[in-house]
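Below you'll find a set of structures to go through.
Two complexes follow with chain A in common, the first pairing it with chain B and the second with chain C.
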Partner chain A sequence: MKYLTMTLCFFCFFVMSNQTSARKITLTTELQNYSGDGAYLAIYLTNAKGQYQETLWIAGQKSKYYKHLTGWARGSRMRTSEYDGLTGASVTRGKTLTVTLDLADSYIDSGFQLKIDTSVEDQRDNRNDVVVPLTTAGAGKPSAGRGYIKAFTYVL
Partner chain B sequence: MKNAINKTEAKITKNKLAMLLISSFFISGAALADDDVDDGCYEVKGVDRKGNRIKATFSPASLKIRELKIKFDMSGDASDYLDLGTPMTSMQSESNPSQNKQKNKPKVTID
Partner chain C sequence: MLRKFHSWSGLMATLLVVMLSVTGAVLSINPVMEFAQAKVAGTSSISVAELAGKLASSHPGAEQIQRSPSGSIIVYYTKDGQTGADLINPITGETIGAYSNSPVMVWVKNLHRSYLLDTPGRVGAGIATFLMLILTISGAIMLAKRLGGWRQILRPIQGTFRQRLHCQVGRVAVIALMLSATTGLYMSAVTFELLPDYQSSEPAFPENVKGDFPASIDTLTALKSIPLSELREIVYPYKDDHNDVYSITTHQGSGFIDQSTGQLLSFQAFNNKQKLHEFIYMLHTGEGLWWLGLLLGLGALTVPLMSWTGIQIWWRRKRSTATINNNAAPKSADTVILVGSEGNSTWGFAKTFHDALNLAGHQVHTISMNSFANNSESHYPNTKRLFILTATYGDGDTPASASHFLTQLDKMTKIPEFPVAVLGFGDRQFPGFC
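Showing the complex of A and B:
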């Protein structure tokens, strides 16, 4: 009986730990009404020291322009394996990009940062257009961008 | 922790890739070794239906073919490969879309 109880406890713990390992996160990025073509965006995670961890989304499909997303390009070394299956269309001015994905719980409230690099053809590249710490307290609070991004919000 | 997740994902992807290759119309006897991962892409060696040796490289998540090398023997030529029609991965996704769907593919909208 004792063993049965212990087994059940372990099973419940295992199920619960599996359920809490990832969390849904929605990233909303609204662009400024700048003059120019569609913007390329790299949304990625770094640790507290600013070291690249993981690519969340790349807006823009031509990989030859990815070098202009300078911070991300340096961290990810633009390896295909880093962004494979995580790319989509570029975002034109005034539009809002919404990305919903599963993110490991270990990234939240652990000093990790969400960063966005942006680039527009024949215009300046913006490394760290947005930098926000990934915390539960910061969820839902809009942050202003320094370049082509008007506002960025994440919801957990 | 990230490495552990990557290893699990790699196993799942490798199984999916093996199934895809076995069911494909031009590769038979395909083999995928553990050390055949280069820059995160899967390198597969095998023979085609005419016995020509082939080497293919696939993207890890989308399983799109990135590189295909064929070593033709004396009787073979490139005509078999010049009229393949729809790429293998696209055919697979049309026939069974749920199988090719990625586990954690983000949902994206632009409004």
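Showing the complex of A and C:
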């Protein structure tokens, strides 16, 4: 019964969220040529105060390492429902990750921020490797990361 | 049987196992080097707060302090928008030098655990580890048999130079190899989630933090009470986020510390499963137990030697298989020669004997003792004499080609009338010789 209610809720949520206007966003993340294994990335949205809103993408398949994506882990509480269907392979150094997804219009030009937390095995975790405001004006302009990320660009 | 098993698994796994062990030996140098670099003497009285206080002035952008199992301290920081890491002297807090992962070691580690092939390679490494374990165990059993039992395991080894080298080196390295292989197999099983999850639950992220202006790190009560030797990692709160906290991991567990009050807000102790996992991990890697790591590394270095001598022994044995020419059919033979041999050398004698009898005009049938038919009257109707050439293996044990002979003999209903002569070979050092 509980499941049924939950499923219905999700269903309604998706139907409703589809009704609100959405548009495509393409996220391009290029990694530095650091020495080490593939990086885990969490790309997510926060409000102006830095409070977690929504997960956009998780690069890296093993959930036992997700706690190293510190800021995201705290915001999302690492709940599976937050990243279900939004995961892919970890990103090798020097490589570029490109993801295209649907994003609600209400997030744009409303003070929300795109953040990326990164982590590499046996090396430091970077909370807020990238922090950029999500605006129409900022679209298409690359911004530098401070950790494993060389450049990050979003196109609306 | 065991010998065949040992040879074939050895031949199949040679390349994989040699790669695993050589890379493992290289990796075993890491903990020793780290230990030599880390200045750990006299750190027992230093608290985390004390060191962090010293770092506050030299590394204002510090974000994370890590203490490796060998005791070296690494501080991760951000300066001018870029991240960096320094190796720190834990007593003075001074920077020893910039810290970075050696790309060569990262590469060797990947070669060791996945042959640089990611998940399929990890499966391969797991299988190779399993073969390694099987080779070690079967080798140890064969050695015990060769020497006349486990109690005689320290007895001098006879044989050709290669055999002695193979056995002698194996005898020394067996414990190290067994430990490396079992712990490696465990780690492989953990990677593929064949074993239940070992991780302790995470401490609950504190809902209510004071959110006041942060206190200076060296004044935080919780950090004052944690000795540096207990520390694994402390992650600083994100700069200018007053609601963020310090996350700390010690040998006992992990928790969060309020940045203004210095109180430990929540702490989750590691469970026994995780402690056991960490212990096995330490046994395998030598991280935190550098001398064991080095011993295991030396043990692993014997593997290429064992493989090389093993292949040569196998090849020689295979080559020394004597082919019996002009072997008469059992029905027409007047003479039957039975051979019991472990290492094929008795076959050499049998062949010489067979050829000589042939030259003297006899019809000779030469077979292994195991192939002897128990209904000898009907199977060898024209036989006038039977020769048995056999060796003992180890302390009076039956050689491989005679393993079923006694049961065959028991089934014999009618005792044949032809005369039987036995020529025995063996190793004089055993009481059960011949």
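Following the convention adopted for this analysis, the second predicted complex is superposed on the first by the 136 of 156 C-alpha atoms of A that agree within 3 Å, B and C clash if a C-alpha of one lies under 4 Å from a C-alpha of the other, contacts with A are read in each partner's own complex, and residues count from 1 in each chain.
Note that contacts are C-beta pairs under 8 Å (C-beta built on N, C-alpha and C of every residue); 3 or more make two chains touch, one makes a residue touch a chain.
Just so it is clear, the model here is predicted, and its values are computed rather than measured.
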(Q) Once both complexes are superposed via chain A, do chain B and chain C end up clashing or fitting? (A) fit
Q: Applying the touch criterion given at the start, work out whether A:70 contacts chain B, chain C, both or neither, answering first, second, both or neither.
A: second
Q: Check the residue A:96 against both partner chains and state whether it touches chain B (first), chain C (second), both, or neither.
A: first
Q: Please indicate which partner A:139 is in contact with in the superposed arrangement: first for chain B, second for chain C, both, or neither.
A: neither
Q) Between chain B (first) and chain C (second), which, if any, makes contact with A:108: first, second, both or neither? A) neither
Q) Is A:82 in contact with chain B, with chain C, with both, or with neither (first, second, both, neither)? A) first
Q. So, does A:151 touch the first partner chain B, the second partner chain C, both, or neither?
A. neither
Q.
Tell me the contact category for A:131 with respect to chain B and chain C: first, second, both or neither.
A. neither
Q: After superposing the two complexes, find the smallest distance in angstrom between C-alpha atoms of chain B and C-alpha atoms of chain C.
A: 15
(Q) Output the chain A positions appearing in both contact lists, the one against chain B and the one against chain C. (A) none
Q) For chain A, which residues count as touching chain C in their complex? A) 35-37, 50, 64, 67, 70-71, 74, 77, 122-128, 144, 146-147
(Q) Show me the residue ranges of chain A that touch chain B in the complex, using the header's touch definition. (A) 53-54, 56-57, 79-82, 84-86, 88-89, 91, 95-102, 104, 106
Q. Which positions of chain B touch chain A when the two form their complex?
A. 1-2, 5, 39-41, 59-62, 66, 102, 104-111
Q) Touching chain A in the complex: which residues of chain C? A) 63-64, 76, 78, 81-83, 85, 100-103, 106, 110, 197, 199, 202, 205, 235, 238, 241, 247
